[in-house]
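Below you'll find a set of structures to go through.
The following pair of complexes shares a single chain, chain A, combined with chain B in the former and chain C in the latter.
== the complex of A and B ==
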């Protein structure tokens, strides 16, 4: 088996058996990046010298008899460019942060490196992470490795799908990890809120964003959660236990299927849902109807919060402490010009509309209302999960957008319809492709109870083994 | 929610973003679209529903505020990325010319 086709477990085992070295694995990844990233544009930055130096350090530790302490040895990681990694800039896909060095390394990346993982590069994203297409990135759009005329959604997913990295570490607010993974034919995990540290991560929608993972193989998520989840003294929003519950296999599992037809959904996505229901039947999982009456309102509540939080969270980008700036005559001109000339259209829209939502006269009608709808949406999920072990939901409403397509901003927002309510509920979710048509995957997301990522991985592994889909990158 | 020219000018001043005429027109149009889109949520009955403000085990949570002092090394790294940091202060242009 080639190292490109291996899971984390297989790669680490092969390295410890001296089948190849970490340096050799990383050299192959760098060569892959060199040959295809011009077409895909998954990575914003990559420093081959640093990558090889880090790989050599891992090999040195292994040769000194330390391999058991490195359960991620040889694993190449693409980190979304809103996650700080010392030695790399963190641009958040914006001109406002062009060439801004990371002052420290995010906890989740620090843990990855301590376990033998090597950061292969920083991956592309929408400006400040405000979207799931990369169409608003200062560094151009990331193309889908399965269909280069379509978006990938997120650079990390494209990097994993095209073999430039084994694992993607990315952020998911309204669904970036889950949607992009399915767009690119790989798997995405959004962990339970509070399970994985967000220290060192620049978030625009901070109340619901989580750090998630992307991989070709769902089983990798168990290893990543065991190693990377848990309490972080630098992030008070993390839980004070290891962050993932052990999974006791039950005799009979029940899948909750929402009692509603998914309006406006591409009919091929419905085929993925039906196929999943059939596969679950095959593996002996009982299907049960559940009701999520406020699901549809979740998207709008999410966007009210996202706009308000963008206004607040982007206020720090003024070019004084870090980032790009335009000189003005006085401080006021400095602010106006710096933010006016470096923020893109979507960032400006979110900041202005966020301020509008929070102003007197709108606050109670919109912001307060959204916080209350958040409660309703969350309660629906918790009620539904009392009678089942996990839920099966769609992940994408449509196929990935065409790169050249000019879509109204609201249409982009509506693409988060199935992921944003799950984000509000703070529950773990795995998205994965199930079927394909015209080489484009259609998938589902499995949504579990808090900290039951391992149960989701176990079910997703069964689906992975039986689904008709198999990844075939175009490039 | 819908913004007239004066309201937009005031907001642009508040958020410290310079916008040209074309951008300003777009933002006004966007405010109309968002008002229409959010209309259904305004109509929802949320009387006696407690707001959620953070998700943690499915409920709101507030922890003790335990301020920590950042390490000198970390502080130095942060100051170093500023273009104009001298003698313990970020230097900015004059507030009044």
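== the complex of A and C ==
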């Protein structure tokens, strides 16, 4: 078996059996990056010397002792470039943060490195993470490794799908992790809210964003959650729980299938759902219909919150303490020029809309209403999950956008229709491709009860073994 | 025309804590610029605030001291605006649910006790400080203060004169100091105050247009600014014109208030709950514990000093004005139960030495045990009161105990009769004209002779004994 096709467990085992060294695995990743990333543009930055140096350090540790203490040895990580890694710039895909080395490392990355993982590079994203196409990145769009004329959604998904990294660590507010993973034919996990620390992650939507993972194999998520989840004193939203809840294999699991929730679903998305239902049937999971009456309002509520928070969260990018700035004659000029020239169109749009939403006179009609809808949406999910073990939901409205296509921003926002309500509910979700249509993957997301990532992984593993979609050899 | 003055106060108090409100940077005043900073208080990408629970306890103390209702469940909100001294483009504050509300403070005015309502007490983070270049062509920012925990105390418009405003501030400062909430040093900015003032015709219940006063750097400045404003506004109203709602700045050198901006352009801070901070949930036991640990405040102490110790009201007021002095006094009293003599020494020579050094009472090396030692030396007749003052100064400055100083410098009082008699005889012999003056009825000459005896003994002679001996010899 080639190291490229291995899961985390297989890689770590091969290294501990001296089949290859960490340095060798990382070298192969670096050469893959060299040969392919010019086309894909998954990474914003990559420092080969540093990567190899880190890999050697891991090898030294392995040679000097117990390799079981390094359960991520040899694992290459693509970190979305809104996640801080000391020594790397965290550009957030914006000119505003060009050449701004992070003075510290995010908790989730710190834990990854402690366990032997190596950051292979920082991956592309929409400016400040505002979107799931990378079309607004200062560093150009990331192309889908399965169809270069289409977007990948997120640089880390493209990096994993094209073999430049084994694992992607990325953020998911309205669905970036889940949608991009499916766009690129790999799996994505958005963990339960509060499970994984977000300290060191530059978020635009603090209230619903979570750090998620991307991998070719869903089983990797178990290992990642075990090692990387848990309470972090630096992130007040994290909880003290003894890891992911173990999965009790019950006699009969029940999958909740929402009814009458989506009127205008894309035909191919419907095929992916149908195929999933059939597969669940064959593995003996009972299907039960559930009702999510407020699901459709979730998207609007999500965007109101996302816009309002982006307005506030992006205020610190004024070029005074860090980042790019333009000198002005006076303070107002400084702000206007710096923010005017470093922010892209979408970032500006969100700041302006967010400021409007929070304005006196609008606050109660929009922001306060959105908070109420948030509660309704969340309650729907919790009610539905009382009678079943997990839910099966669509993930993508459509195929990934054509890179050259010029789409109205509202059409982009609509792409979060199936993912954003799940984000509001704060529930764990795994997205994965199930079928293939027109040479591109179409998938579903499995949504579970809080902290039941393991149950989702176990079902997703069964689906992975039986689905018609097969992992591609890439461009 | 006669107007009623309506004043409300907004006071910011820096909480006394080890670290800042949302990070572990030290909360200390006199550091080099931008040394007490980290990625959190500089608002670097990816950082998140983490609430300092001790700051919450300090704020809770302030709320309870001011008799506020305490919110068992409060939150932090973001107040959004742009200015270089706020690193995140918003200030974290408690806008929607303050920690304390509906409190009351009592002040002692000349016309009796008065209650001033406390509208709210809320926690927030301080901003950094802008330092403007002398040439005025650029400014620098010092973020040491950014993130320092503050409480804002907003009063009801219950204050009716500049004097009441000063009393309110003095009492507030004293309470915060006694509770250990803050050192309240206006000169270091750990207490800052703004004031809202309007006038209305006597008997009217509707409020007049309000002017906000800023930049008052001492309680005296507050008093003067309010007096100036009362005068300015009454003149406007007397002319039948209307006061324009404004924010005005007190100019210390010109002694007048100066227009900063019109109030009409009220800022919309677009406040919303900070999604990065968990709600603040208090439990009853913490509140009960804080209540039971509440110190005795100055007002209660004054009553006790007057009733139990028989101190004059004035003395009690001076001693309790500084909680450290009151503590010093009470500590001395345990081993030296003569309150009035003690208060005389504390208010007099001790305080003037403290003030001359510009030090804090709790930092002086002349501790209560030294004071007790000194007073006992005087009471036992080992040294005279006059020498005692000298010993105090020397001990205060050197850190040596009063007993050591007396010993080393041979300052013991001469109370040996035969030794003194010899000196008295010699002085009488050396000053025949003064002796004659005395005998011919000029009784003042006695004072001169006493002075000569004291001079001959370097002031160490027991004055009472000298008087007795001299009198006896002269009358022989």
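The definition used in the following text is that the second predicted complex is superposed on the first by the 470 of 475 C-alpha atoms of A that agree within 3 Å, B and C clash if a C-alpha of one lies under 4 Å from a C-alpha of the other, contacts with A are read in each partner's own complex, and residues count from 1 in each chain.
Keep this in mind: contacts are C-beta pairs under 8 Å (C-beta built on N, C-alpha and C of every residue); 3 or more make two chains touch, one makes a residue touch a chain.
From a predicted model like this one, the values you see are computed outputs, not experimental measurements.
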| item | value |
| --- | --- |
| When chain B and chain C are modelled together on chain A, clash or fit | clash |
| First (chain B), second (chain C), both or neither touched by A:472 | neither |
| Touch count on chain A, higher of chain B and chain C | B |
| First, second, both or neither for A:97, with chain B first and chain C second | second |
| Partner chain(s) touched by A:235 [first = chain B, second = chain C, both, neither] | second |
| Partner chain(s) touched by A:355 [first = chain B, second = chain C, both, neither] | both |
| Touched partner set for A:194, first chain B, second chain C, both or neither | first |
| Touching partner for A:106 - first (chain B), second (chain C), both, neither | second |
| Which of chain B and chain C A:260 touches, first, second, both or neither | neither |
| Contacts of A:322 with chain B and chain C, given as first, second, both or neither | both |
| Common interface positions of chain A, toward chain B and toward chain C | 100, 103-104, 207, 236-237, 311, 315, 318, 320-322, 331, 335, 355, 359 |
| List of chain C residues in touch with chain A within their complex | 39, 42-51, 78, 80, 82, 84, 87-90, 141, 143, 268, 270-272, 275-278 |
| Chain B-touching residues of chain A, taken from the complex the two chains share | 100-101, 103-104, 193-194, 207-208, 236-237, 239, 297, 300-301, 303-304, 307, 311, 315, 318, 320-322, 325, 327-337, 339-341, 343, 345, 348-349, 351-353, 355-357, 359, 362, 365-366, 368-376, 378, 382, 408-410, 413, 424-426, 450 |
| Chain C partner contacts - residues on chain A that touch it in the complex | 82-84, 90, 92, 97, 100, 102-104, 106, 198-203, 206-207, 233-237, 308-309, 311-312, 314-316, 318, 320-322, 331, 335, 355, 358-360, 363, 367 |
| Residue numbers on chain B that touch chain A, as the complex places them | 1, 3, 7-8, 11-12, 14-19, 23, 26-27, 30-31, 33-34, 37-38, 40-42, 44, 46, 49-58, 63, 66, 74, 77-78, 80-83, 90, 92-97 |
